[in-house]
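Across the two complexes that follow, chain A remains constant while its partner is chain B and subsequently chain C.
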Partner chain A sequence: MVKIAIYPPNSLILADLLERKGHTPLVLQKQIRQKIKDPEIDSPPMNLTSDDPIKGLKYAAIEVPSGVRGRMSIIGPLIDEAEAAILVDGAPYGFGCVGCERTNELSIFLLRNKGIPVLELDYPTNQDETYVMVNKINEFADSLQENSGEE
Partner chain B sequence: MLQNLTMSPDLGTEDWDPDVITRMIFIGPGAHVSEQQIVNEFHMLDLPLTIKNTCYGSMISGKSKDVYKAIEEIRKLDPNHIFTKERGFAPGDPRRCRGHRFGPREGFHQMEKEYRILGFVSEALENPKEVEVEDKKPIKVDEFKKIMNKCLENKE
Partner chain C sequence: MVKIALVSCGTEYSGVQKEIEKAANKFGAEIILPEIDLDYIDESYEKFGFSAQSSSLKLMIARAMAIVEGRSKPDAVFIATCFRCAEAALVRNEVRRFIQNNTRIPVVTYSFTERTKADELFIRMEALATTVTRRNILAREKQEGLTLGLDSGSTTTKAVLMENNKVIGTGWTSTKDIVESAKIAAAEAFGETDYKWDDVDGIGTTGYGRFTMGKEFGAELIQEELSVNAKGAVYLADCQKGEATVLDIGGMDNKVITVNNGIPDNFTMGGICAGASGRFLDMTSRRLDVDITQLGPLAVQGDWRNAMLNSYCIVFGIQDLVTTLAAGGSKADVAAAACHSVSEQVYEQQLQEIDIREPLIQVGGTSLISGLVEAVSDTLGGIDVIVPEYSQHIGAVGAALLVSGMGRRQDDK
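Up next, the complex of A and B:
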């Protein structure tokens, strides 16, 4: 069982396909749950505390806007935990909830540079492309299972 | 914007328990089960869960052990058409519930976009086969000329 980061980090299809193969998808919702169970924060969307941009400094420099750093304080721990990643490119507007292109770019950059197995896909628009996407994800998940079994 | 905020939601002990998780159950297009059947099945499992019937399927909340067990059982009904996803907020949480807000709930647009290809994903899971997608290439100039001349000739 491998912890796999997915991008967009709240995708139903990616998370579900990985769970079917027995892997653990690292989804944003788990981080959000941790945040809302914190008694200090009771009113999303005002759900960032002044500490969050400071935590985000681990992932982005001080010159980077505080919004990016605040978002990275939530997504960053997922990237740290990741043992593999699946990145979907070209998804339509509205697919994915990070809401900040600079954060998307930084997260994808960090995942690519982490030295973990990464599968990059294009968002499918028709049936054939969806078949290709599902096949690639299944193959990738199986290959991870084989590798983790050898260790 | 202010209408969208509930400053002090009245939360129960379950909402603060870190072990309590919420999952959304989606029924893909062309499924052999209905939303009501899924909800009935959840009730029949007799697990301590909060179950909510929704337009896309249902939402369940409870201790993680019970939730995963329920999902395992429910998937058996139609493995290729039932999809599940985590949810950060509990069902009916005033900070996210559509009943207390204006417009769609956050996350609805994501569901809407993913639902468009969910049917294809189900088919790919049901009948796995190798497919090759041809790359789209621009048409060659000579070929384009031929087609154009043919069209012009036909016009005359």
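Up next, the complex of A and C:
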């Protein structure tokens, strides 16, 4: 089974599709959940503190805005863990969203350059395109399963 | 409770959300997020016309739209985005303009870093809360009785004694120990009259040391300097009716406030780059070995084009100054360049964010530096800049004016 980074990294639909195939989707919700459960931290709503953007320096330089670095401190470790990735372009807010487009550009770039299998898709605009998209995701998930099985 | 709508991008991920809420709570205000649904986001940003790539900025636009369309009814708005984000800077400015053009809700903008702490936001939140809750005080146009205004600034402490709508005594000293400096300035103000501490009806305090002074002297009014300075400026410049802009280039931060009928309705407060502050001029005068009072006249004689000191950083600004002097530059040109540099940077960092409404009233200690006043006028395309009498005591005058009618010390005796 493979750890798959998804983009948008908080898409419940993508996460569900991959879990059904037995893979582990790397999603933002799990990272944020850890933050919220930590009793030492008290900075709602996401419990990020001013130390988190500093951790984000690993992924983005000091001249990058703090919001981007804060996001990268959460998303970056997911990218580090990723063994494959599915990137959906042009998704609306309801499909998943991390808000900052600069963060999105950097995260997608890092995933593309990681040297892992990457499936890139456009968000569907009608039912037929939706079937095609789901099929492509399933095929991609199956191929990863076969490869990991071969190893 | 005053409801301040937060229209922002990146506050949660920068770890400053809590600091913003802490700053608002300190002044009895509550941060609210204008609630909207997903469809409304698309509808809003299409109506607004700015197609930002970041969806958080689209959400920000939708929240601003919700305020303008009355779906959310806050008392004030705090607009904040990450420092250095170009897209956010564009949206922040346009959203501010949109809310100001379509509502009468007071707005403050701020660009934050992960190091932004509640203390840096206090004055802004207090000013927002004041304009909502204390309009009756700000509406005061005339000083009555005998009142003392104390302004403890980052560099100097000022005192002003007013009686029956006139300034009758002033005091000015450098800020060291807050209370002792205030006592020295007040003694100077009383020294110009026959009055003593026991004779005053009320005391108003403002500036960074306002709480400490207020507690020590039992002040009837403790007020941040944004609303106090704005009120003092329109009072002294006789512009209490209609519109005006107040510019205060301070020792540590700069304030630009637009005023309508004596009540501030928008303000920005800088403080990120010391090269754009009065402190830079203070350091320049020391390096040129001229008294600060002589820096203005010297600058008027020089040509700023012969010396470029326009660094955003005070250290690099002084470095430019040193190399210019070392290369044989004249003192007058360097003084002119220093004034021009400050005025240009205040314009770039703040004035361009505000829709300047004439007249422009320049106040604070730096308004006595004639070269700086001239540079501000030049930077703004030659508009008239009013420097009223007692402009260097503006906060103390404003405090003495606003506290009048609140003090009952003589009645209580």
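The working rule: the second predicted complex is superposed on the first by the 145 of 151 C-alpha atoms of A that agree within 3 Å, B and C clash if a C-alpha of one lies under 4 Å from a C-alpha of the other, contacts with A are read in each partner's own complex, and residues count from 1 in each chain.
Here is the rule we use: a residue touches a chain if its C-beta (ideal position, glycine included) is under 8 Å from a C-beta of that chain, and two chains touch if they have at least 3 such contacts.
Since this is a predicted model, take the numbers as computed values, not measurements.
Chemist: Between chain B (first) and chain C (second), which does A:83 come into contact with in this model arrangement: first, second, both, or neither?
Modeler: neither
Chemist: If you count the residues of chain A that each partner touches, which comes out higher, chain B or chain C?
Modeler: B
Chemist: With the two complexes superposed on chain A, say which partner A:54 touches: chain B (first), chain C (second), both, or neither.
Modeler: second
Chemist: Could you look at A:68 and tell me whether it touches chain B, chain C, both or neither (first, second, both, neither)?
Modeler: second
Chemist: If you stack the two complexes on chain A, which partner ends up touching A:19: first (chain B), second (chain C), both, or neither?
Modeler: In the superposed model, A:19 contacts chain B only, not chain C.
Chemist: Have a look at where A:100 lands relative to chain B and chain C in the superposition and call it first, second, both or neither.
Modeler: A:100 sits against chain C, while chain B stays out of touch.
Chemist: Once the two structures are superposed, pull the chain A residues common to the chain B and chain C interfaces.
Modeler: Residues common to the chain A contacts of chain C and of chain B are 42-46, 92, 94, 97, listed in rising order.
Chemist: Under the touch definition given earlier, write down the residues of chain B that touch chain A in their complex.
Modeler: Result: residues 4-9, 15-18, 21-22, 24, 26, 83-89, 93, 95-96, 106-107, 109-114, 117-118, 120-121, 123-125, 128-133 of chain B touch chain A.
Chemist: Which residues, counting only chain C, touch chain A once they are in their complex?
Modeler: Residues of chain C touching chain A: 9-18, 38, 41, 52-59, 81-85, 87-88, 112-115.
Chemist: Mind pulling up the chain A residues that touch chain B in the complex?
Modeler: For this pair, the touching residues of chain A are 8, 10-13, 15-17, 19, 27-37, 39, 42-46, 91-92, 94-97, 124, 126-135, 138.
Chemist: Within their complex, state which residues of chain A touch chain C.
Modeler: Listed in rising order, the residues of chain A that touch chain C are 42-46, 48-54, 63-71, 74, 92-94, 97, 99-102, 104.
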